[in-house]
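Below you'll find the structures, each written out as structure tokens.
Across the two complexes that follow, chain A remains constant while its partner is chain B and subsequently chain C.
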Partner chain A sequence: MISAISTNLPVFIIIAPLFVAFVLPTLAKRKRLVENLVLSVEVLMLLGICYLASIVLFRKDIPIIYQMGGWPAPWGIELKVGSLGTFFLLTIAIVSLPVALFARGNLTHEVGGKERIARFYVLYLLLVGALAGMALTNDLFNVYVLVEVATLSCCGLVSARNHPRAAKATFTYLILATLGSCLVMGGIGFIYIITGHLNMEFASRELSIIWQNNPRVVWMAFSFMLVGFGVKSALFPLHVWLPDAHSVAPSPASAILSGLAVKGYIICLLKVLYNVFGQTLMQAYSVHKILVLVGMVAIIAGSISALTQKELKRRLAFSTVAQVGYIFLGFGLLNTRGLAGALFYLASHAVIKSTLFLSAAAMQTATGKKEIKDLSGIGRKMPITAAAFTVSSLGLTGIPLFSGFVGKWNLLQGSMESGSILPISVIIAGSVLCGAYLFPVIRIAYFETAPEKDWKDPNLPQKLALILLSAVIVVLGVVPGPFLELANRAAAELLVLR
Partner chain B sequence: MLSLVIALFSGAVGGLVVAMIPETKNRLRNYIVLLFAASSAFFTWHTALKVFAGERVRVAGELGGLAFSIDPDPLGAVFGLIASTLWLFTAVYSFGYMAGKHKQRTFFTFFLMSLTMTLGVAFSGNLVALYLFYELLTFATYPLVIHERSAEAMKAGTKYILYSLSGAGAILIAIIFTYAWSGKLDFSSGPMLANSLGPGLNWLLMLFIGGFGVKAAIMPLHRWLPAAMAAPTPVSALLHAVAVVYSGVYGILRTVYSVFGHELIGQLEIRYILPWTAAITIVAGIVIAARQDVLKRRLAYQTVSHLSYILLGAFTLNAWGLAGAIFHMISYSTLKITLFFCAGIISEQTGVIKVSKIGGIGRLLPKTMAAFSIATMGMIGMLPLNTFWGKYYLMKGSVEAGKWPLAVVLIISGILNAICFVPAIVNAFNRVSTKTCEEKGSRVSLMLAPTLALVMIALFIGLMPGIIWPGVEAVVNWFY
Partner chain C sequence: MSEVIKKLIINYPYFAAFILFAIGALTVLTRSNLFKKLIGINIMESAVFLMFVAAGNIRGGYVPILNGNNPQTLFINPLPSALMLTGIVVSVSVTAFALALILRLYRSYGTTDLRRIYKMGNEVSE
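Up next is the complex of A and B:
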């Protein structure tokens, strides 16, 4: 029994949340049970993922290939448990568990009655399952299916709050995301037409032989993939849906959307770029230069748009656009340092942005105010929330001791290795701009006098979630050890010339 | 090693303890602040004396996957001594100055926190540690800058943060390049870039100096400093005349001597420009100072000018210049703090903040004005004061480097300093003021005692410069 579980662990990690998601509606009346079930699935996932990570870190025979139903590739579907997969799985588990904890204390206020809460959790678990699938899958068509599952559950999550603005934001998101899915589908189609394979390994092998016969098709596939995943991961200027969607969603949803969902698509794009097309093709088509360029534009443009926002949640949403730029920039550097930096930054941003959104939501709930200027003096009245916000702001700005710095340091080293000075200056300028849009919030929170109102820290589960996430930010910043090691290995594996 | 850790973290721990004490318990808070400041000063002396004796005191570890070490060498020890000792004096002064003012808990919390950050800068053993503490120092001192919470103070705070973050950004880029070219980050193993030569080095040095120059207030990067005078006087005195600005100066000294090495810079084209940027700041700073009417702003521009004395010494690239720089670093800090302390007493007791209104103050506050006059003599560089010796060695260094015009600049700057302050002092003693006030009471004595003590120390060092010579010598021998 034990051995059956441990050999089938990869698939259990994906199936467990999906399965529980389908059971939840039948238990909708029993709110406590639903919440406990969700939390226990999250905890089990975390344990399973830690076990996988320990195997990946300490055993030599990786990646572990899991064949679904025992069918070998290219006929069957494969799950690949490599460094990249485990790295992203760990990120998912570390972020989604505290967010679920936060949701437990918060949803009645933001979403409504029992039925609606159960529906929220269904979507939440579907999203988590889909993301876990994205981390492990080694099959192009699976990527498409998972992307669709994730997209639809994201749309559901955005509209979970009963509000006209939510409906409008969801509609915009749905249209654009569907467009993105279509493009991704098209890209997969092009690859399938010329290679005849959907398994990434086989497609890649075939592609490296025949790409010169069909240069235009490959170019189309590249561009469809880039734009398709670019829309979904809010790459500037394809980000137009994001600020509305992320700022009107209920707070746990906006945390997971900004923190994880966007990252899932980025991981998919990364797999397609490096595992299917491969480094040689990227260089042949100068895709890496495009990535660096769009990354730099996103950093600057996103940061400047964030500066102009007056609503806290919108400012955070625009900041996501900027931070995604760092990740794309790192993907284009084509060296281990830069890629590892981008991956670490991805994980670090997932944790930091969730913390920011959750603490912003807690402030918003307590005060009923959306704008930054109305938060004066909140640092004294809600010490834990404001402290979490401060820690994550420092992390996002890239101050040493916090996780963002480790990512940025590696990104800078990577840019240095690639020999161009422009990315370095953009990364630094982005950090300064990030300070410029986050510190006013901290200043207002701590150094302005509070109105005579009864603002309090949120209830226990929410506080616990904030503390957990802040602790992760500091721990990753001080002792990134195994996490950075996984990122390094993943980067090295992705960059192996095939 | 233990003493190093205690010296470093007394401030941070003290800050946390102070944050727990309720706003109303002023007496208790003051004792605790004094305790932690004293423990930090004591253990800094303990460590520094060991370092001067040639012993290596080191704590190393890893932070975020990067090597991180706290490893004071004589230069760091000198800076640490200056900071922690003056912190103690300023703490006593603050008890008097802050009495009855708002938000004392916040003030003293960050006052102590900044001590740790400054000592961290001083004791850092590699660029990572230096960068970390340099960055944290900005955040720890921000609440002190905006302590008054007025619109002016808030604006000054924003300016301070933006200038400092941009500077730190430049430094981070420079560190990345240094690491990529040399593979080293440690200060202890001689100049990092010693064996590399290339056209990029000029730019790298400019990047470092531009980054640290923000806090060292090299013109035109000095704009935040006069604005930051919106802070309470003890902060202006300690942080904006000594600790924060010295961390920038210290960074430049480190760049010159530990990152590049004076031999390497001696081969770069930029060596022709560097001393003159310092010289321009020296003259321009004091000229602008003469045009300021608000006393604290005048002092701030004088700070801008005098910080470049130290840089000038470093940029002459010879042993006498370095000795002069270190000497000036020590002696200038004691006197500048005195000047600010006096300005604080004057504004607290009489409400006068402008130089034009200072007439007659000398009769009302004789001890304060006496201290002010002596300190001004020091700023000019007159003999019984310690700054004379610093200036002497600086000139000697300039001449040795074959740049006698720099020595002339120093002399002119002395005259300008006199023009800037002497008429005001004469006024203060000659005229009769319409105001009435007394130089009595426990609050004034708390402010006056450290002021007078510092003047005594300055005079003492001026008469017997030999007592700080071993420290200066240790620094010079370390690098030459």
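Up next is the complex of A and C:
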């Protein structure tokens, strides 16, 4: 029994949340039971993922390949538990567990009655399952299916709040995201037509032989994939849907959308770019230069638009646009340091941005106000929330001893290795701008006098979630050890020339 | 030039898919009516389905059912058509969700024109 579970663990990690998601609506009347089920699935996933990660960390040679249904590779579908997969799985588990904990204390006044809460959790678990699938899949069409599952559940989560503004934001998001997935499907189609394979390894092997015969088709596939995943992961000029959607969603949803969902699409793009096309083709079509350029533009433009926002949640949403820029910049550097830095930054931004959104939500709920100027003196009335916000702002800015620093430091070293000055200066300028839009909030929270009102820290599960997430930020910053090791190994595996 | 035209005529399904894709994308991006946007998305998806199915087709090929008596060995590739079943399911669910959203928007704003909805701003109550 136990051996059967441990050999099939990769599938269980994907199927468990999906399965429980479809059981939840039948239990909708019993709210406590639903919440406990969701939490226990999250905890089980975390345990299973830690087990997988320990196997991958100690077994240095080859990734575990799981064949679905026992069919071997070109015919069957594969799951690949490599360093990249476990790295992203760990990120998913670390972020989604505290967010679910936070949702437990917070949903009633944001989403509504029992039925609506159960439906919210259905979408939440579907999203988590789809993201876990994205981390593990080694098949191009599975990427498309999982991307669609994630997109639809994201749209559902945005519209979970019963408000016309939410419907408006969701519609824009749905149309643009579907446009993106059409492009992704088209790109997959081009790759399938010229290679005849959907398995990433076989497609890549075939592509490296025949790409010179079909240069224009490869070019189309590249551009379709880049634009398609770019729309979904809010790459700068294609980010128009993000601020509305992420600021109008219920707060646990905006935490997981900004923290994890966007990252899932980025991981898919990374897999397609490095595992299917490979480094040689990227250099031949100078895709890496496009990535660095777009990343730099996103950092500057996103930060400047964040500076001009008055609402706290919108400011955080625009900041996501800027931070996605760092990750794309790291993907384009084409050296191990830069890529590992980008991956570590991806994970640390997932944790930090969800902390920021959750603490912002707690402040908004307590004060009933959305704008930053109304938060004066909140630091003394809500010490834990404000402390979590401070820790995560320091982390996002890249102060040493917080997790953002490790990622940015590696990114800086990667850009030095690649030998160009511009990325280095943009990374530093981005950090300064990040401080410029987050530190005023801290100043208002701590150094201005509070109005005489009864603002209190949120209830226990929410406080626990905030403390857990802040602890993760500090721990990752002080001892990045195994996590950075996984990122390094994933980067080295991705950059292998074939 | 005649070379290009000959290639286009031989590969007409791909050409049709390209034209459909362009029409769909243009409709999504330029029309402000919610229903027209949705129809545009559907046209785009059909274009991609057409491309996949055309890629699996072999002229003169037979239905890929294997039995001992059938002397034919030239089968069409069934995989892309099977994949597109999944694609169609996804497209149907997107359409259903979008229609529900349009209904919700029409109830609260009284119009199906996205530009007018954005002009109304955020004053609409629950």
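Note that the second predicted complex is superposed on the first by the 496 of 498 C-alpha atoms of A that agree within 3 Å, B and C clash if a C-alpha of one lies under 4 Å from a C-alpha of the other, contacts with A are read in each partner's own complex, and residues count from 1 in each chain.
Please note the rule applied: a contact is a pair of C-beta atoms (placed from the backbone, for glycine too) under 8 Å apart; a residue touches a chain by one contact, two chains touch by 3 or more.
Remember, predicted model here, so these are calculated numbers, not experimental data.
Contacts of A:V432 after superposition on the shared chain: chain B is touched, whereas chain C is not. By the document's definition of touching, of the two partners only chain C reaches A:F171; chain B does not.
In the superposition on chain A, A:W71 makes contact with neither chain B nor chain C. Once chain A of one complex is fitted onto chain A of the other, the partner contacts of A:I424 are limited to chain B, with no touch recorded for chain C. In the superposition on chain A, A:M416 makes contact with chain B only, not with chain C. Looking at the shared chain after the overlay, A:F22 reaches neither chain B nor chain C. When the two complexes are superposed on chain A, none of the residues of chain A touches both chain B and chain C. Considering their complex, residues 21, 24-25, 28, 34, 37-38, 41, 44-45, 48, 51-52, 55, 80, 83, 86-87, 90, 93-94, 97-98, 101-102, 104-105, 108-109, 114, 117-118, 122, 124, 126 of chain C touch chain A.
Interface residues of chain A facing chain B in the complex, by the touch rule stated above, are 394, 399-401, 403, 405-406, 409, 412-413, 416-417, 424-425, 428-429, 431-432, 435-436, 439-440, 443, 446-449, 477-481, 484.
Contact residues on chain A toward chain C in their complex (touch as defined above): 141, 144-145, 148, 152, 155-156, 159, 162-165, 167-168, 170-172, 174-175, 178-179, 181-182, 185-186, 189, 192-193.
By the touch rule above, chain B contacts chain A in their complex via residues 62-66, 128, 131-132, 135-136, 139, 143, 146, 149, 154, 157-158, 161-162, 165-166, 169-170, 172-173, 176-177, 179-180.
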